[in-house]
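Read from first to last, the chains carry the letters A, B and C; within each, the first residue is number 1.
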Amino acid sequence: MVSVVYILYGIGALAIWSLLYRENIFYRCAEYFYVGFYGAHLLVLGWESALSIAWTPVTRGEYLWGGIFILALGFILFFYSKTRAFYMIPISLIVALGTALGMRGAIHAQLLGQIGGSMSSLIKATFMDSFNTTLITVGSFCTLSYFIFTRQIKGPIYVIPRIGRIFIMVTVGAAYANTGTGRLANYSGILLNLWQTDAVYIIPVALAFILFDIIWRKTKKNI
Amino acid sequence: MIGDEIVPELRMRDIALLITFTLGFFMVFEYFLVWPEVNSAATNFTRVCTALAGLSAIVGVGNLTRTHSKNVIRRGSNWIPSMLLLISLWIPLIIGLFLTRKDPTYVYLYNNLYTPVSQAFFALLGFYILSGAFRTFRAKSTDSIFLLITAALVFMGNSPVTGSIWPGFQAIKVWIMDNANSAGYRGVIMGVAIGTIVTSLRILIGRETGYLAERRARAE
Amino acid sequence: MSLKKISGLDARYLYLILLILSSIPILMPLGLPLAPSALTRSAYDFIENLPPGSVVILDAQHSTGYGPELGTQFAALMKHLLSRPLKVVIVALGAEGPMLVDMTFKGSTLSGSPINPDAYGKVYGEDYIFVGYIAGGETAIAAFARNSWITEVDGEQKKPLSEFPIMEYCKTVDDWSLAISVSGGNFEQMVAQWYSAYGTPIIFGAPGVSAPRLYPYIGAGQVVAMLVSLTGAAEYELLIRKPGLAASLMDVLNLAQLLIVASIVIGNIIYFATRQGGRA
């Protein structure tokens, strides 16, 4: 008995991967399905979250006006284009908090934390540790100098942002490799399921479609 | 526009900017205060915004519906996928809102249709990384040589099997990630932090108003 | 076939080579060796050394798009936490978290075989609990730290949190001994809102694409340790002696990565050879 679950799995995965052959209607349908479902999922979960946070206390008799206020503000968002100006209120609340939290985090965790991490004694117990610490301190400073666009850096001190650029290239190379590892991990999971489950029956169907398309295009070219 | 002039001298935009300024700076300074009433008020404000954030997806759903229903009605390009989008948007939405996300139909759609499509989407990049590695990754300059060598060494280190060929691959990869990569990223993180602080200040004092989406409102 | 033609090879042939090559270990498992890295071991050791009764937050912030890369990490961490005498509070700070938590417990293509808490002697509401989803990204991260009861009801049974004994031990971030987040993003926000603000130790489960930018935080001591991608999950499965989906995918991943290295090398050899030929 063929499992419908894995047949659907195969159809979904191969519809997206058909883009590797060329753009086609199956891919577009799968892409639009993905966008639509994700939008629905965001709102379903968002509603569940808002309900538990804002409405549950109201049912206990607490925060009565707070709960109603929050839900009213939330519904104003729905009339985004009709009550055009009122939507700015809930958005400004969210932006105020998000901006404040982001700024606090940037100052404390990213700036001060990283400066502190870079400022340690360059003389360590072993040569390798000393070298590594020096490399990190010098590299961090040079990379940061690369982003200073106040004025163009010329002359002998140009070597500082140049060294920074080399560190950025190393960073990009490491990011490229790790991104590849990550995406290939994902790919591995799909491949395993395609081969080891009933989704394998979709592979010849997909190959048949591709073969048909190749022959059809060749025939069209010859006519 | 509706609600624009609550009081002739004061527009909704000004009220929104005032809210952003007041509450934003309140939350910034609250961080440094140990004052129970202020901390409690900040906690409640955070709670309000968390609930609102959940409901903000309404805007996205509305936009998607408006755009794609116009496409379907006019039989524009890709109207069939647009119709599929509207179906895949509203059917799960209705099921999820009225029967919750634990409803078997919702779970079935999520596990068996959405999950493989989502996973396959992200996996596409793996193929493009391969084609990029073969066709465009060229050692044309000093910078690209550093990039190439780092990428190759980290890939080798990420494959555990190379450790059995020569343990040095793993050690080199660990060294690159812990030291050279950290040095580069540390500078990037600090640069990004400075940018974040500047942009946040601009938003709080009202110099950046893009989040109010005014251009769209004026155009309508 | 001339070198120039090979260098301009249609990308689709490369995809076909990748598909064929990486299908070999699926049809004929190779059993390539794997040894835990220092980072993964640090994460394992930290959890192993937690005192009994410690409250551990396990955050599901990943998505189906990351597939088994993060799904297997979450499963391995869950198994380890359930096998220890700890109080595990599971929260979803990502929209897909609740569904993925369900999928982890019931078994799925993303996380491997099902996890049965009963087999570990754990009781829902006493030893572990799922408090539900909190929307808002950084706002949610900050809100959950200030008030771990913010969702008011649990995510499984929709009962008030006051009915669950475990929640008496977890009211705010001050009660947390460790926060583990398996996430595709928001790492800096968690460091800011949990570590910098309150000093909470953090372990991340990160995808390969995000891992490089987290090393500075580990070096600065702001993050305890990290599981990196599928390799980290496979190493963790080895450490907890429960090999699962991640370990079985490593053969495919190994070959695919080596193919990319070969592509870089061959591509550059052809480039230099055709350049020399052009000059001559």
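In this text, a residue touches a chain if its C-beta (ideal position, glycine included) is under 8 Å from a C-beta of that chain, and two chains touch if they have at least 3 such contacts.
Fair warning: this is a prediction, and the values are worked out from it, not measured in the lab.
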TODO: For this assembly, give the contact graph shape among line, ring, star, complete and other.
DONE: complete
TODO: Identify the chain whose mean C-alpha position lies nearest to the mean of all protein C-alpha atoms shown.
DONE: A
Task: Distance between the centres, which are taken as Cα means, of chain B and chain A, whole angstrom - done: 6
- [ ] Would you mind pulling out the distance in Å between where the CA atoms of chain B average out and where those of chain C do?
- [x] 19
Task: Between chain C and chain A, distance of the C-alpha-averaged centres to the nearest whole Å - done: 14
Open item on the list: Quick check: what residues of chain C touch more than one other chain, meaning two or more?
Closed with: 15, 65-67, 98-99, 109-110, 134-137, 139, 142, 150, 188, 197, 208, 211-213, 216, 219, 229, 231, 253, 256-257, 260
Open item on the list: Two-or-more-chain contact residues of chain B, please, as numbers and ranges.
Closed with: 31, 46-47, 49-51, 53-54, 101, 110-111, 114-116, 118-119, 121-123, 126-127, 129-130, 133, 148, 151-152, 155, 158, 177-178, 181-182, 185-186, 188-189
TODO: Please set out, as single numbers or ranges, the residues of chain A touching at least two other chains.
DONE: 9, 20, 41-42, 45-46, 48-50, 53, 94, 97-98, 101-102, 104, 106, 110, 114, 117-118, 136, 171, 174, 178-181, 183-184, 186-187, 189-190, 193
Task: Residues of chain C defined as touching chain A within the complex - done: 12, 15, 19, 22-23, 26-27, 65-69, 95-96, 98-99, 109-110, 132-139, 142, 150-153, 160, 188-189, 191-193, 195-197, 207-209, 211-213, 216-217, 219-222, 228-231, 245, 248-249, 252-253, 256-257, 260
- [ ] Would you pull the chain A residues touching chain B in the complex into a rising list?
- [x] 5, 8-10, 12-17, 19-20, 25, 28-50, 53-54, 66, 69-71, 73-75, 77-78, 80-104, 106-107, 110-111, 114-115, 117-118, 132, 135-147, 164-174, 176-181, 183-184, 186-187, 189-190, 193
Task: Complex contacts: residues of chain B adjacent to chain C - done: 31, 42-43, 46-47, 49-51, 53-54, 101-102, 107, 110-111, 114-116, 118-119, 121-123, 126-127, 129-131, 133-135, 137-139, 148, 151-152, 155-156, 158-164, 170, 174, 177-178, 181-182, 185-186, 188-189
Task: Interfacial residue positions of chain B with respect to chain A in the complex - done: 1-4, 11-13, 15-17, 19-28, 31, 44-64, 66, 78, 80-82, 84-93, 96-97, 100-101, 106, 109-127, 129-130, 133, 142-144, 146-152, 154-155, 158, 175-194, 196-197, 200-201, 203-204, 211-213, 217, 220
Task: chain C-facing residues of chain A, complex - done: 9, 20-21, 41-42, 45-46, 48-50, 52-53, 56-57, 94, 97-98, 101-102, 104-106, 108-110, 113-114, 116-118, 136, 171, 174-175, 178-193, 195-196
